[in-house]
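Notes for the one structure printed next.
In order of appearance the chains are A, B, C and D, and numbering begins at 1 in each one.
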Amino acid sequence: MPTSYHRFAGSSLARLAALSDGVFAVAMTLLVLDLKAPVLHARAQRPIWSASGGGSEHVLIHDLVHHVAPHLLPYAMSFLTLGIFWVGQQTQLESFTQSNRALTWIHLAFLLAVTLMPFSTSLLAQDITYRSSIAVYWLNLLALGVALFASLRYADRADLMSDETGVEMRAALKRRIVVYQWLYAFAALTSLVNTYVAIGLLVLFQLNAVIAPRIWILDRA
Amino acid sequence: MPTSYHRFAGSSLARLAALSDGVFAVAMTLLVLDLKAPVLHARAQRPIWSASGGGSEHVLIHDLVHHVAPHLLPYAMSFLTLGIFWVGQQTQLESFTQSNRALTWIHLAFLLAVTLMPFSTSLLAQDITYRSSIAVYWLNLLALGVALFASLRYADRADLMSDETGVEMRAALKRRIVVYQWLYAFAALTSLVNTYVAIGLLVLFQLNAVIAPRIWILDRA
Amino acid sequence: MPTSYHRFAGSSLARLAALSDGVFAVAMTLLVLDLKAPVLHARAQRPIWSASGGGSEHVLIHDLVHHVAPHLLPYAMSFLTLGIFWVGQQTQLESFTQSNRALTWIHLAFLLAVTLMPFSTSLLAQDITYRSSIAVYWLNLLALGVALFASLRYADRADLMSDETGVEMRAALKRRIVVYQWLYAFAALTSLVNTYVAIGLLVLFQLNAVIAPRIWILDRA
Amino acid sequence: MPTSYHRFAGSSLARLAALSDGVFAVAMTLLVLDLKAPVLHARAQRPIWSASGGGSEHVLIHDLVHHVAPHLLPYAMSFLTLGIFWVGQQTQLESFTQSNRALTWIHLAFLLAVTLMPFSTSLLAQDITYRSSIAVYWLNLLALGVALFASLRYADRADLMSDETGVEMRAALKRRIVVYQWLYAFAALTSLVNTYVAIGLLVLFQLNAVIAPRIWILDRA
């Protein structure tokens, strides 16, 4: 028998949604903010006279091409990832009738994984050829998936889902998470062969989640 | 035929609005935060004894006038731009009856462009005489406009707009975006002659979008 | 006659409130974030051996007392200020029946002044004895007040205020802004004599706005 | 008799909740952002040739294990703490029928304590063996508790709580805060013996607040 505090703490879905939107908004904006660092870093390491050496604009173009462009891929991928999980969480919250303390804490764990995304993205952006960076990134994706799956499973058992969300739909929501987690794990494993292949596959899987071409088998998930 | 997940993922306009407000709020606040950098930078490069040399307050005033003031124009322009596009997106969202997954992703692409604003603004603020900075800034404005236009076009075709938003109004919303994008492109092109002219024109066009004097032909848009 | 776009752009009070809450939340959190800088700065300037010299915890205590404590006053004052203006704006928005494009832009100008608070606070925290820092801070307070006053005046004339907000109330809202702006101006002027007096007065006026003791004449405002 | 301004300023619970969600979202995201610092710091202090010395990925792994891992505990603990107090504040706000100016200011004081969490967490993360860091951290926990307790007490006396929140429930809410504050104080005191014991106890108490095993006596609170 829960105590009186636990009986009605954390029951507001609206505030959970608002906190989530705030955390996603800050994480998304901070992702891109990191793009500035390579330009400033390259500038700081350059001798002062080079800036006045007849081609300072070429220096900026050089920095953009050589220092910013290689970082764009990890950041775009992470923005996609945050978008995918934001849509996924929103779809779940819409299908719940109310929250409770346990469900709230599952989503707080989910948000913790969201706040870690800028960190694992910057690790990946620093050197895209390190397998350990991809391992950290994959652990982050795994944490996001595990939290969302736990949320679905708990809400289903604790009878917090609306009746409109039928059995078929609940199974579809869970299956989607599981299939994508297997795909992420497969992509991470390919980094043992080549990290570029791993990242290429991750981007491909995320684009599929967004665009969802009808032909692909993945779309069934 | 869409799968069951895609049929009702991302249908909440309220959460899309909340995420957007969060991203705009963070981007707007971070814009101005960058103003601190030139003061700190100038201070760090100065020999220690200069601060104690009988006029440390003059140093601060000097920094404000010579290092902060030239940066104010790009930041004010970007705040205006973010405000204009925030009002523009809000007006669109108010005219929709609901969202769906595709529309949500168009707006996530729009938000990606919003998060890039502090980056392109800081490029512009570093040296206002570089044409490549203006090119990057213009690309950012273009991305914002393309996303909002795509949203309108998609919502119109997918029958997501409310009936109150008549044919005339839908045309007016689209025309406004197109006209301003031509003006931005024209301003960016003038940077081939002189970058100050380009920025002056951009500020002028943004002020027109805000104040909307009745006399000007632009107001028809 | 306004064009069709202008007729219904920016009419949502709810989204204006949400954006404002976001901007205030980011500005408030960033204020305090700056407290870390002096500790890190003092640490970086100290020779490495001093940290291992038998009293590293005393170093931290020294830093907290000598480098963080003097900065606490400006930050606490700015948090108070942001709180006061947040309550003030909320009270206004609650008294409006709807927004329009012009009112939205007045509030965006207000939010621009809000985003400048962390900047003017850090100027003040760097050296509390500079009159120019207090002048910049006062200009920021002035901008906040002017924007809120303009909002009230415009909403009154454009008939956007609810009928429940009677004539007496509208006058009280305006008078409160004007009285406090005179007090801020007076405090800023005293910095010509002594900057500590100026800051002391500002803190006193802000505390009065918050606590509002019944005895004081200021409470009439 | 309050003046007309004070009579209806700050009465919106919805905006108070929205501002709180924003502040918590920013504070939670900034917490984790700090994890990047140790990696960058270690990298900056290393001679350039070491990165090219046949094992640059080992360097990253070394940094993650030796510089990031020890910081994970304070950050995870602070995320737990912010989550606990977010749920606690939400539960209170749900039990109020409306707000007023005094209650709003109590919650602004609470939010000030929330914004200080990233600062006290980073102090703790810098060196976990300093008693003064734990003292600062405990003061922060105390401020959070005092503010929430004051809010409950004020709302109870000012008749702002809903009738559904019975006498038993109000007592339970207050008791919970008091019991946990005693536990925090006890944990902080053990730092006089050993700081690791203090932090271990804090983590244990926070986990109990989250997981709330039925067996423990603490669960009565």
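Assume contacts are C-beta pairs under 8 Å (C-beta built on N, C-alpha and C of every residue); 3 or more make two chains touch, one makes a residue touch a chain.
This is a predicted model, so every value here is computed, not measured.
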| Fewest touching-chain hops separating subunit A from subunit C | 1
| message | Half is the threshold here, strictly exceeded: which of B-C, A-C or B-D has more than half of its contact pairs identical to C-D by residue number? | response | B-C
| Can we say the copies subunit A and subunit D touch using the same residue numbers, with more than half in common, or are the two sides different? | different
| At what distance in angstrom does the C-alpha mean of subunit B lie from that of subunit A? | 24
| task | Report, in whole Å, the distance between the mean C-alpha point of subunit B and the mean C-alpha point of subunit D. | result | 35
| query | Which residues belonging to subunit C are in contact with no fewer than two other chains? | reply | 18, 21-22, 25-26, 30
| Complex contact set, residues of subunit D against subunit C | 2-6, 8-12, 15, 18-19, 21-23, 25-27, 30, 101, 104-105, 108, 111-112, 115-116, 118-119, 122-123, 126-127, 130-133, 136
| said: Applying the document's contact rule, which stretches of subunit D touch subunit B when the two form their complex? | reply: 22, 25-26
| task | In the complex, go through subunit C and note every residue touching subunit D. | result | 17-18, 21-22, 24-26, 28-33, 35-36, 39, 56-57, 60-61, 64, 76, 79, 83, 86-88, 90-91, 93-94, 168-169, 172-173, 176, 210, 212, 219-221
